[in-house]
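Structures given as structure tokens follow.
The same chain A turns up in both complexes below, where it pairs with chain B and then with chain C.
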Partner chain A sequence: MGFFLYSKNGQLILAILAFAAVMAVLLLVARLADRAKGRRTVGVMVAVFAGPALLLLVLGQIYPAVRTLWMSVMDKRSEAFVGLDNYAYLWENPAGIIAIRNTLLWVVLVPLLSTAIGLVYAVLVDKSRLEKVAKSLLFLPMAISFVGAGIIWKFVYEYRGAAQDQIGLLNALITWLGFEPVRFLQDAPMNTVFLILVLVWIEAGFAMVVLSAAIKAVPNDIIEAARLDGVSGWQMFWRITVPSIRPSLVVVLTTISIATLKIFDITRTMTGAEFNTQVLANEMYEWSFTFGDNGIGSAMAVVIFLLVIPLVAYNVRQMTKNKAVRG
Partner chain B sequence: MISSTMRRASAAAAGGAALALALTACAGDDLGGGGDGGGGGEADADCAAFEQYGTFDGETVSISSTISDQEADQLEESWADFIACTGITIEHNGTNEFESQIFVQVEGGNAPDLAIFPQPGLIQRMVEGDHLVPAGDAAMEQAGANYTEDWLTYGNIDGEQYGIPIMGSVKSFVWYSPSTFEENGYEVPETWDDMMALTDTIVADHGSDSVKPWCFGIESGGATGWPATDFLEDSVLREAGPDVYDQWVDHEIPFDDPQILASLQRVGDILQNPDYVNGGIGDPRSIAATAWADAGLQVLEDNCFMFRAASFFEAQMPEGTDVGPDGDIFAFYLPADSADEQPLLVAGDNVAAFNDNEATQAVAAYLASAEWANSRVSIGGVVSPNQGVDPANASSDVLRLTLELMQDDSAVVRFDGSDLMPSSVGAGTFWSEMTKWIDGQVDAEQALTAIEDSWPQG
Partner chain C sequence: MTTDTRTSSKPSAPVVRRSAATGFKRRASNRIGSAIALVIAVLWTVPTFGLFVSSLRPEAEIKSSGWWTILSDPQFTLENYQRILGGATSTNLAVYFQNSLVITIPATIAPLVLAIMASYAFSVLKWRGRDAVFVAVFTLQIVPLQMALIPLLRIFSGTAVNDMFPFVSLWVAHTLFGLPLAIFLLHNFMSEVPRDLIEAARIDGAGHVTVFGRVMLPLMMPAIASYAIFQFLWVWNDLLVGLTFSGGSRTVQPLTAALAAMTGDRGQDWHLLTAGAFISILLPLVVFFALQRYFVRGLLAGSVKG
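This part shows the complex of A and B:
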């Protein structure tokens, strides 16, 4: 086993073998399930196809969630019960309050801005000649990791003193126009907004793609009827397009909110969470893994979890509604 | 290009010769990592040096560390003849995520045999979790013979020796351009006062909005702030002395003790003076947002004259930089108040064992030996605090200087304090408060008080 565990090629071969084995078992079970006849078929099918997923869900999501909840009321080595002390830290510590404040700012601004930009863009390029190219352009940042995006934008925001040559794109423009260079990443609270713009840059493409599809699904007869009634472009947008794609809008907004609550890579690469840019997820990571305090780290994870739940619930409800509309 | 070729050449000359001898003499058929030495005779005189570790039949020892890429290859090369002669296979696994990964591994019951810890604080946490075993007799014998008391302290937890320092760096360096110094007739300062006088001279000679005597940067992603903690530690070691330094690190005196405050203000005299910093980049606040190595590279542009950074700054140089006492860039010892004392701030890697298997202990003992240290140092890029290392083996002038300082008997040596403090301070508030202080959000006293308040209770 030594060879498999320690060498990279060995691990690769092992991974491929494991994958093949799992697939073989699944196919075999599926074939056996095929043989089940009559009423039992549905039950067997559910067990075969949903069973592994359920099992993984319990192992990978539910068990860790329960354990995190448990660890959040224990001390840092998860040995003694400390009650709600870990949660109290969040409220009593100035850094914790800044993290909560910033996280709220992220969760409000990112979904609104990226959805708004994505929507307007989708409407503007809809049925235009260069639609495909234009959409690809906005969608491209989706392909970049958050860390990569953070590094790219760090160069864009780079600051040098007024007497120096500017090496950051934005400050080069600003000084060229005759203004003083701006410390984009250093001056709170605007620095958080500049970090937020990076995620907007990434997520706007996602919003645009989903909303564009929704816009195309708006029935033509409604649009034609509106045209016959002589609506302006503005009215068409607000009275026809937006109400027709409302369920998709909600899904996009909530999906981006959920992604935003987890954001920590951008903060970490661009400011290291300094200059009052701390966010909950980054603080959770630091407490759990850098400082080795399972208690406070878990408490933060639980807070993020609680914040996500209503969003997920709403999101799921809208998705089922969407399905109901489409039949 | 010049320096890297030279480095490779000298490494090949020093290390290669020994390696070639060992390989042709005693390489078995495929004992893993032995390379293409081939040839192969029976056990030979060249393996004699390894006899004391015993011979093993196909045993494997796994080592986890932070060492990756080229450095990992060099590490594996350094023990090639050991594995060829003893029959132990060493599986080295280096990852950039070592600090968090090692806990996942250990608590998942999947601990490696040995780990190379960059921070003594991690060893402490491992010992608290009952995961490590104390260094064995053979390793202790080597450690006692090859390391000074000061160096062994860091791996010593509650009177028991767990970690043995095997590689190290010196942090008390100021990088400068020898050629620029010579053109201007500047001398390398020998005391702190000399250094400040030189600073003023540079301001008078060259001071402008873009050229300043000093440059500095503390931005380092999630670790932003650490270079400032090093500067403060160096200052405490010089101004308050090693005893106060120890008390401060162990929290026997409060973090915001007046002596520490005085040392921080001394650092502030340089870092917060707009006439002194930040060469080539901007005002003092720009230090907080500038990557530490980027700031240092301003020395090469003659935008600044001095840059305080550890010996490992050498690895950040662009290719083709001439590093040496007559070259583009070199380092001098960060002076103390008098030229007679040379307190040294260091950092380093400690090896510690998770079990007392014979093979594991043999590898640990070998890593603690002068043979291994010389083998590793000759390959290049690092130095070892092992007193048995011949400075002539160092692969560059800076590393040779580092080794000489490390082996100076009179030097007072102290380990990087932030690595010894509880990690919520050493990798948490100490970093973030230093950043706030440089950014001008808080003054020196407020920064130190905030760190003191964050020190974990009990």
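This part shows the complex of A and C:
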């Protein structure tokens, strides 16, 4: 028993065995219900098949989300009601305003840049000889963690004084061209843009994969007809390709925006939110876990959630609209 | 443009009249296009390559010259990896690598199994309120993790279970946050299985457990593979859950949390950071390249079908 209780591998195996046992019991119940074939069978089936997942979601997501809402109007120990004070803090405090400004910059730039790059790349490598390899190269960063990507790019942005040899690739190029080295991560406001580029580097692959599939689904006769009309490559792109893949473009843009709002890892690893690079998701983490103020931390979580809602609403509306058009 | 050359070389092919000027323009824009694609491809791979090369260079070299100098002065060593995987405790990542594995394996299996079962209830079983509940699950996908974080943490902290089995809270948290997307994705796949197949099995007297195990599961394998890769990458690469639910304890913290701490404390120790980062991205990269096909399929099912 000691192995199972006191070693990591033991606990791992124990967990898998316990989980398998629970599932086996549930399926056994379902099998018995199958045999009985009573009127209540469907109820038992739903309970067995969907029950565990739904129970987890209610206890682990819905209840906590409601509680976070409640905590956001309470003081830092959730003991006294403070109304909207926690929210007011967000725009009365200069640090909070910087975080909001930066978050907006992230949520505008990341989706636009990564979608643009993903789209251009997808069009350029479409039907080329090395298409598969070329695509793998672009979406390889998707397998890398934000922390890993943070380290990779911190190294690329590394700054040394002009007298020293540069070890960061970008500053080496800049000094080689005869310019002064740049403090990419320290000098505001451009440092936020350099952090944003790291997420663009990760998300462009996602955009490329989805958009490339959409481009391949554009009917061939439309393209042929346009080609016979002597349309140039540029016109083809703007007048045929882009309108045809509009629904996918919307999905990609909104998906990336939603993901962007939650990212705190990059800021945390690359600048530690110093030099005016704070974002909401990281500020939420700091207030809740470093300063132990659950009121302000929860308010920030709620703000992130509120910012997500319009994006989702737009996405859903586009989806239903497209379905209506398609018939 | 390979198609163009093919049509012109075949004498019988229908001749599309195109002036020499447009032909030249096409080729020129094609060249510019290839050049742009090449630049993007280089920008997307060189940073990772630079990290890898640096992780193999001696400490003194990394700190004094760029990794590209290996062309003129090649010096390689495995010392950084030895230090990262076996050296002093503060820089030894081997423990965290194991933690990441112990966290990731159950946190990939559990949501997968629960979601496969739930998606059966949402696509095959017919019950009142099914569609409403499904929409609710779909919506949860969008709620930021941050919304549930603190209260969920409170449920676990200080309990006997958490002291005895510190990984449980991490497993549960990851399972929870993975479930909505998993159910949504697998439901999409399952809805595509022809109803006739299920009806036929039902008429033959097969119960739901049999239909689920013998008909659905085999057909779902590609979908299961694509979701498994997602969940694996998501859990392995996660920092937020790893940081908050491990309570900063060395016995449970994942690799990402250890690396993030290292960039803070030893930000200039590039020999350790590069090797550490490469260790952390090695497994995801292997999984990614081996199962790329399924990964792409999952991406498309999740975002295009809606």
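Before moving on, here are some points about what is shown:
Following the convention adopted for this analysis, the second predicted complex is superposed on the first by the 273 of 327 C-alpha atoms of A that agree within 3 Å, B and C clash if a C-alpha of one lies under 4 Å from a C-alpha of the other, contacts with A are read in each partner's own complex, and residues count from 1 in each chain.
Here is the rule we go by: a residue touches a chain if its C-beta (ideal position, glycine included) is under 8 Å from a C-beta of that chain, and two chains touch if they have at least 3 such contacts.
No experiment lies behind these values; they were computed from the predicted model shown.
After superposition onto chain A, the modelled positions of chain B and chain C overlap sterically.
In the superposition on chain A, A:Lys216 makes contact with neither chain B nor chain C. Residue by residue along chain A, chain B and chain C are tallied for touches, and C comes out ahead. By the touch criterion defined above, A:Leu185 lies against chain B but remains apart from chain C after alignment on the C-alpha atoms of chain A.
Of the two partner chains, neither chain B nor chain C is touched by A:Arg40. In the superposed model, A:Phe206 lies in contact with chain C only, and not with chain B.
Once the two complexes are overlaid on the shared chain, A:Ser248 sits against chain C while remaining clear of chain B. In the superposed model, A:Glu274 makes contact with chain B only, not with chain C. Legend: residue contacts after superposition of the two complexes on their common chain; A:Tyr159 is shown touching chain B, with no touch to chain C. When the shared chain is aligned, chain B and chain C each come close enough to touch A:Phe289.
In the overlay built on chain A, none of the stretches 25-33, 97-105, 187-195 or 349-357 of chain B clash with chain C except 97-105. Overlap of the chain B and chain C interfaces on chain A comprises residues 268-269, 272, 289.
Note for the complex: chain B touches chain A at residues 60, 62, 89, 91, 93, 99-100, 103, 125, 128-129, 208-210, 219-225, 278, 280-283, 285-286, 288-289, 422-424, 427-428, 432, 435-436, 439, 441.
Per the touch definition, chain C reaches chain A in the complex via residues 2, 16, 18, 22, 25-26, 29-30, 33-34, 36-37, 40-41, 43-48, 50-51, 54, 62-68, 98-99, 101-102, 105-106, 109-110, 113-115, 117-118, 120-122, 125-127, 133, 137, 140, 142-152, 155, 164-165, 167-168, 171-173, 175-177, 179-180, 183, 207-210, 212, 233, 236-240, 243-244, 251, 256, 259-260, 263-264, 267, 270, 273-274, 276-277, 280-281, 284-285, 287-289, 292, 296, 299-300, 303-304, 306. Within the complex, the chain A residues that touch chain B are 2, 6, 77, 95, 159-164, 183, 185-186, 268-269, 271-275, 286-287, 289-293. Chain A contributes residues 5, 8-9, 11-12, 15-16, 19, 23, 27, 30-31, 34-35, 42-43, 45-46, 48-50, 52-54, 56-57, 59-65, 67-68, 71, 117, 120-121, 124-125, 127-129, 134, 136-138, 140-148, 150-156, 158, 165-169, 172, 201, 204-206, 209-210, 213-214, 228, 230, 232-234, 248, 251-252, 255, 258, 261-262, 264-265, 268-270, 272, 281, 284-285, 288-289, 294, 297-298, 300-302, 304-305, 308, 312, 319 to its touches with chain C in the complex.
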